[in-house]
Amino acid sequence: MSYFVRKLGFYLVALWAALTLNFLIPRLMPGNPVDVLLAKLQQRGGIVDAATRRSYELLLGGGTDEPIWVQYGNYLVNLAKGDLGIAVSVFPTPVSEVIGQALPWTIALVGIATILSFILGVGLGAIVGWKPGTWLDSLVPATTLLAAVPYFWLALILVLIISSTWQLLPGMGGYDVVLSPGWNTEFILSAIEYGTLPALTIVLSSIGGWLLGMRNMMVSTLSEDYILTAQAKGLRNSRILGGYAARNAALPSIAGFAISLGFVVSGSIITEQVFSYPGIGSKLLQAVQNSDYALMQGIFLVITLAVLGANLLVDLLYGIIDPRTRARS
Amino acid sequence: MTALTERAVRPVLTVEDLSVVYDVANPVTAVKNVSLTLAPGEILGLAGESGCGKTTLAYAINRLHKPPARISSGSVTFSDADGSDIDLLALSDEKLRAFRWSKLSMVFQGAMNALNPVISIAAQLDDVLRTHRPGMSKAERRARGQDVLQRVGVDPKRLNSFPHELSGGMRQRVMIAMALILEPQVMIMDEPTTALDVVVQRDILREIIRLRDELNFAVIFITHDLPLLLEISDRIAIMLRGEIVELNSGEQIYRNPQHPYTQKLLGSFPSLTGDRGDFIRTGDHALTGDNR
Amino acid sequence: MTNLTPTTEPSVADADEALAATAREEGRKPRAGWRAMLPSMTPSLVIGFGIVAAIVLFGLLGPLFVQDPTTVRNSGLQPPGDGHLLGTTQTGQDVLAQLAFATRGSLEIGLIVGVLATLLSAFFGVLGAYLGGFADEAFSLFSNVMLVIPGLPLVIVISGFVPQEQRGLWTIAVVLAITGWAASARVLRAQTLSLRNRDYVAASRVAGERSWRVIAVEILPNLLPVIASQFVFAVIFAILSEAGLAFLGLGASNSSTLGTMLFYAQNGFALQLKAWWWFVPPGLIIALLGCGLSLINFSIDEIINPKLRNVRAHAKRMRIARKAAAR
Amino acid sequence: SASGSGSSGGSGSGSASDTLVAYTGQAGDYQINFNPYSPSTIGGPGEIFEPLFYYNQLQSGDPKPLLGTEFSWNEDGTVLSVTLRDGVKWSDGEDFTADDVAFSLNLLKENPAVNAIGFDGEVAVVDPTHVTITFPAPAFVNGPSILGRTWIVPEHLWKDIDPATDVVAEPVGTGPFVLGEFKAQAFRYDANPTYWDGEPELKHVRYVALSGNQAGADALAAGSIDWQTGPVPDMANVEKNYPGYKAVTVHMNQVALFTCSNAELGCEGPQTDPAVRQALYYAMDRDQINSLAFQDTAAEVSPGFALPERDAALLSDSLPEQTAPMSPDVDKATQILEAAGYAKGSDGIYAKDGVRLAMSVRVVTGWTDYITAVDLLAQQAKAVGIEITALQSSWNEWTEVRGLGEYQLLIDSVTQGPAADPYYMYNEFFSTANTGPVGQSVNPGFARFSDPEVDAALAALRTSNPTDVESRKPHYDIIQQKIAANLPYIPVLTGGTTSEYNAAKFSGWPTEEDLYAVPAVWSRPDSSQVFASLTPTGK
Amino acid sequence: MTSVEVKNLTKEFHIRNGMKRSTLTAVDRVSFDLLPGRTVALVGESGSGKSTIARMLARLEKPTSGSIDVTLDDRTPVHGSVYRRHVQMVFQDPFASLNPFHSIEHHVARPLKIHRRTRGAAETHERVVHMLERVNLSPAEDIAARRPHELSGGQRQRVAIARALAPGAQVLIADEPVSMLDVSIRLGVLNLMARLQREDNLAVLYITHDLATARHFSDEILVLYRGRVVERGPADSVILNPQHDYTKLLAASAPDPERMGKLVRATGAPDRSGIDNSVSFNHYTGEWTSLDKRPVPVS
């Protein structure tokens, strides 16, 4: 039990730390939403004078005089109530609505891409590691090079070639805007079509890490005694590869997978920027640029919960796939 | 026992002139022209100091050696109980796979690590049966697993345990159970008890002997503990730098060692109950010559 | 019976003798401790080292030989040619000159982050694991929390908060280091935990060594390959992250790095204008540097995990054997 | 329905020939909000909710009647009478009446939070087509905001709406368009079949969401958007690079080096000395800046800040020069400095009383044109012995220091008011009322400029009828002279706003010859004027 | 000369097992004396607490209760940092107890420097060479410059012994010092230790599970079973005349070629559940005592 109690304790502390950081950071940041919105209005040819400023202050609520700990208390109470506040950058929409609208896109695109690159990377890694020293090993430096390329650089070049020059796949947006979002085939096909290129770039740039890690673990695992035993037992190679070698070698990768799953939410900023993809990353950028504290806090909360949730999930999963964990605690 | 040693019976395993080379920068011939035979139901002890090639020989017999190891010469013939002879070194991969474990099984040096840590004992036993006895039903396989565990003195209730939940001695027994599960004619045991407590070690040895008497498989028992071998083996082979320098019945090896190395090995074990020798605690015994 | 004295000294293999003999034969000076920590020369190491060395030299010496990267000319977007080996930017600045300075900037960031993150991770990972008990619990909880807290957003937020005058390279580097050390700390902790229980650590304590000396002299050297590998990762992480931040307009704004250079190229529509000489080289240098460092890391991996080395040695033998067979 | 989708690499708006795809430059997708009074509205003003009149910021002259047909001021500017259009219907079928107008104006007064124009009049409904508005003080200058920037909303629906906090997802207005469909990635206007001026020929307008300028340029290249305002590669050759597209550039906002100029209000640094600002003014090589930083889209600027073309009639004759010199005058710059007592140091930088002429310029990270301009300015200033270093920061931070006055120099642009009258710009940027001491956030008197004569001139302008150009000119003269002498904002160039549009698919776009509206896609309510004037060519 | 008096040494470990925290008494009220020139052997099955006792003596672990008194001949107690000069330990695994990173010289020189046995680099080096020669490692100069992986197991264990003796240790704790070594070199190392013991009049605690060497290399044997001493006495009497059930079992389990083919066939494994560790047989007094040292009637 203590394994789970300790884990739970860790998650609570991590959550509390994240929430507190979440509370503090925006308050330490420069700029306030009134000024930013005014500046934005002015840029767009709006009239800005003292009256405008006054009205915006009234609307958005200026700085509060409450002591910081009262604010902190209110913040925690509101969070507990599920009230994330109002996103001033899209005033008066509640933060939860903004996030609710953006989150599915990110989760679908980056989540699927992450899972895909994990499966492909670990799968290829297992194959490469199964017969190390063969030509397959040359996959390793190749994928490493891909991983070392700045992601947006790769993405932009791919967009230029695949999307702009060859016109194979759309390189902008989340779906054909002519269609209405909904659970119909046409829309889903369109979403898949639009998501292919972004997903491809994510997979390309992240597959190398999985592949290398898995390959090295395979090599180590293959020299374990139980692999030799399995061979002596006359098991088929497929069974040894799947049930004995890869099964054990994949354990560290799975832990890594948890962490990367958690970062699905936050890792999408650049992707969404390059591909004009709707999602949480662009919302975060929007929040930061508009000093939209509430939105920022809301997104952080979601990210932290995602990371913690994914970790928790894998901790539990780990207990199942690696029976030793439960004993080790 | 002596009857067995006189090759009156058709041997179950014949190794002739076997050499194994490690193709490394300075190639090492880890096993040199080894010949031996193993009669059905016989326990053949293989002793020698660390690195003399015992494990390499065991692997080569089952063709488990991996590069850089290479069999440079010799033959290994398995004479099946049904009368056919199998040239192990000539078997195709698939035939070899089918041969392994069903005719010849192994218990490895450090068998504690020979169990896959992430799947249960039941699944690992089941794997063997599923591969080699495809006809068996699930229930039959489970019953068989329980049966072999029972035989080696492990509570069949532990079938669903994971290796880490068992003590070292129990894991060792599980490995032996696994080696038994297909009732092979030959079992190679490579230092199966080295890491264990003497008391546990004794239990396991007793178990092996009992099972051998019951099932009549032949055993190649590898260890560097000569006194132990003397207790349990019918014949003992002494290995030195890849060669078998002496092969004789346990009685002969103990009473009348021929090769100086055998003599030295025997001298390395002070007797438990015998006299306190003159060399003890004098600090200048000839054996301390290896002190550079 | 067992007390029998062998009549003759057996002509027995004496491993000790053999070993001593080989060492004497080769007559070489035995390798010093740190030497064994060096990766053996492999093709990947040679290539990786070559690439990294070339780029570092370019970053170090390049700025001494090129033109002033900020000088604007009225001849914008010239393709590579006379006068400008790599052409010019939209405002007529020499791309090669910019590249040299930007490489230096990125290397600086990589180095600062590498050093800082390594120090942080060594502190939290090694010290915590060595001390054990509450310190270990606290340190490992702290690094786990740091690992869970999303990095990039934190970077965005923190870099917005640092005062303008201190902005730039150092800020970005410090922020990246703060957000990037936790994973290494976990690796180092695991390694230290296993080293801490080695007998030689206990032996040095029995000999009377003080704790700091046990850590510094007995444990740290054996962690060197791991630390080196983490350092290399931190450098790659830093350079890539800086580029990513720069792309979002949040990079080391007042310094010149490969990231900011890419940002300007991107904003100057270099790709759309097919000014590849402006857009491609910075990205390529990052990619090559990352690739070179990864190749070096392969060799470090081989020290950490000797099984990997065996694979390579084996592959090499197989090749030689195949070649021999072909002949 | 997905005709041709996916064929283009862009946002796949494979659009029908009667659908115009516009991109406003907004980054990220849309959050539904068609409340015209909300600061984060994504649409509505102009297309759906109309003002009474349309004021074109680019051309002086009478405003275009929309819901109002005529208006008149009393002598002292305290009573405004408006005649309303008859027979207009809301898009839900209800009749539009004077009560709606009164309701809309009173809405502002009752909700200070949305009263961004500071409306303080009393509205009286004379009859269904006439209203009069009475002000406590002369309010000539408030006319354009009240008449041109107050969105008339239907009383029968809005009486239940909180204008400050409701998002109005189903807007009902009188405008030429109605909301067709909203999606976060795009929303669509459809032509209003019951529009009082007849159903527009442009049947659909779709706004798409992209991630910024880069994406906009890419989408334009892919032909997936028809109108956007923003930079594209090789701006001078839009017609050649994008077949079927044309570009139009308008010059409205003056790019300037804002200075924290007023030591009395707490500004610190060499730039508080007018001589230094003058020297910088002459040091600039405006041609070089125009070509390298702005792709030659900017235009000449007047040191008095009136727009040389639009405000030609108001340009003061007594300025040292009508427009700032396009090439640097190093001699004059150094002369000014030396006359003010500066001496050149060994490092080539002037100094006085041990204080070097070294200043920092704030610029927003990522605004590459301004960053380039600042880099160029630094080089040019160096030639006259002034050291300028660029300090980049995030927009938030830059906005904050700009408001607080905690900067030495920053680069930004001076913006215009609701009508083609420089009064608004002068009043906003140069009046004492709109500034404050350093440390107090103000907007937009960023330069902390304060001059009683300018304030007096502005007060006089407030009480004179804007149509009475002759009586107003002397006041403008004073303001321009004061500004040009003091240079709190050192003019760089008049920035150009370039829009690219699909001329093959639609005709009737504003051109440089006929700027009937500000041709910027984000400019409201100008965009509705453009949409209403477009005719699909059927291609 | 230094001697050690161990009294009622107890060590408890707190094990977290799920929600429960249980206490494991790894060592329970163990007492013995280590006297100069004498060897005490500690034998017992795996997990009986042998290493824990060694670690407590080496101050790697704090006893839960009981005392370890180290005194000089004149009964002055040895405390603090001097303690480590007097009491040293040789570990079981010579492959793990030498730091692969450092040269042999480093290993032997560190204790010298820590305990200020030598002054200056030259003297230290000389001393290192001398120590290596004493443990029969020659050429010592050559060996000193090598690193552990260049030595065989036996050579390494000699280095470990040299290191332990370097600061002038008078009490040597050897925790299974030869169990990881090849059979053919075990005796060599044990003999070396015996020689050094004689030469320096060392007090030695020899921990092993090998009854045969325990018998031959020690004066006194303590048999440990589940943390408690169940039998103690002169080496020969304990081995040849075991009294406690556990000692008997242990003796019967040790391989003995003299019993060729016999013991193994003896039916059935002995039942260990009935073994009682609450009583102890003392060969010196010939009595059974309970844990609290009270005599108990013969069972």
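For reference, chains read A, B, C, D and E in written order, and residue numbers begin at 1 within each chain.
Note that in this section contacts are C-beta pairs under 8 Å (C-beta built on N, C-alpha and C of every residue); 3 or more make two chains touch, one makes a residue touch a chain.
Remember, it's a predicted structure, so these values are computed and weren't measured experimentally.
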- Set of chains whose contacts include both chain D and chain C: A
- Determine the shortest chain-contact distance, in steps, between chain B and chain D. 2
- Greatest centre-to-centre gap (Cα means) from chain C is with chain D
- Task: Using mean C-alpha positions as chain centres, tell me how far chain D is from chain E in Å, no decimals.
- Result: 89
- Message: As a quick test, compute the distance in whole Å between the mean CA positions of chain A and chain D.
- Response: 38
- Query: In whole angstrom, how far does the Cα centroid of chain C sit from the Cα centroid of chain E?
  - Reply: 45
- Chain centres from averaged Cα atoms put chain B and chain C apart, in whole Å, by 47
- Message: Where in chain E do residues touch two or more of the other chains?
- Response: 154-155, 182, 184-185, 257-258
- Task: Could you list the positions in chain D whose residues touch two or more of the other chains?
- Result: 218, 221, 394, 396-397, 401
- Query: Which chain C residues reach two or more other chains?
  - Reply: 1-2, 12, 15-16, 20, 160, 266, 314, 318
- Note: in the complex, chain C contacts chain D through residues 70-72, 74, 76, 90-92, 160, 164-165, 167, 249-251, 253-254, 263-264, 266-269, 272-273
- Task: Under the touch definition given earlier, write down the residues of chain B that touch chain E in their complex.
- Result: 49-50, 153, 196-203, 205-206, 209, 224-228, 230-232, 250-251, 254, 264-265, 267-274, 276-277, 279-285, 287-292
- Name, in rising order, each residue of chain A that touches chain C in their complex. 10, 13-14, 17-18, 21, 25-26, 28-31, 132-134, 137, 140-141, 144-145, 147-154, 156-157, 160, 216, 219-220, 223, 259, 262-263, 265-267, 269-270, 273, 284-285, 288, 296, 299-300, 303-304, 307-308, 311
- Message: Quick check: in the complex, which residue numbers of chain B touch chain A?
- Response: 62, 64, 96-102, 105-106, 108-111, 113-120, 127-128, 131-132, 162, 164-165, 175, 178
- Query: Mind pulling up the chain D residues that touch chain C in the complex?
  - Reply: 213-214, 217-218, 221, 231-234, 288, 291-293, 362, 365-366, 368, 372, 375-376, 379, 390-394, 396-397, 401
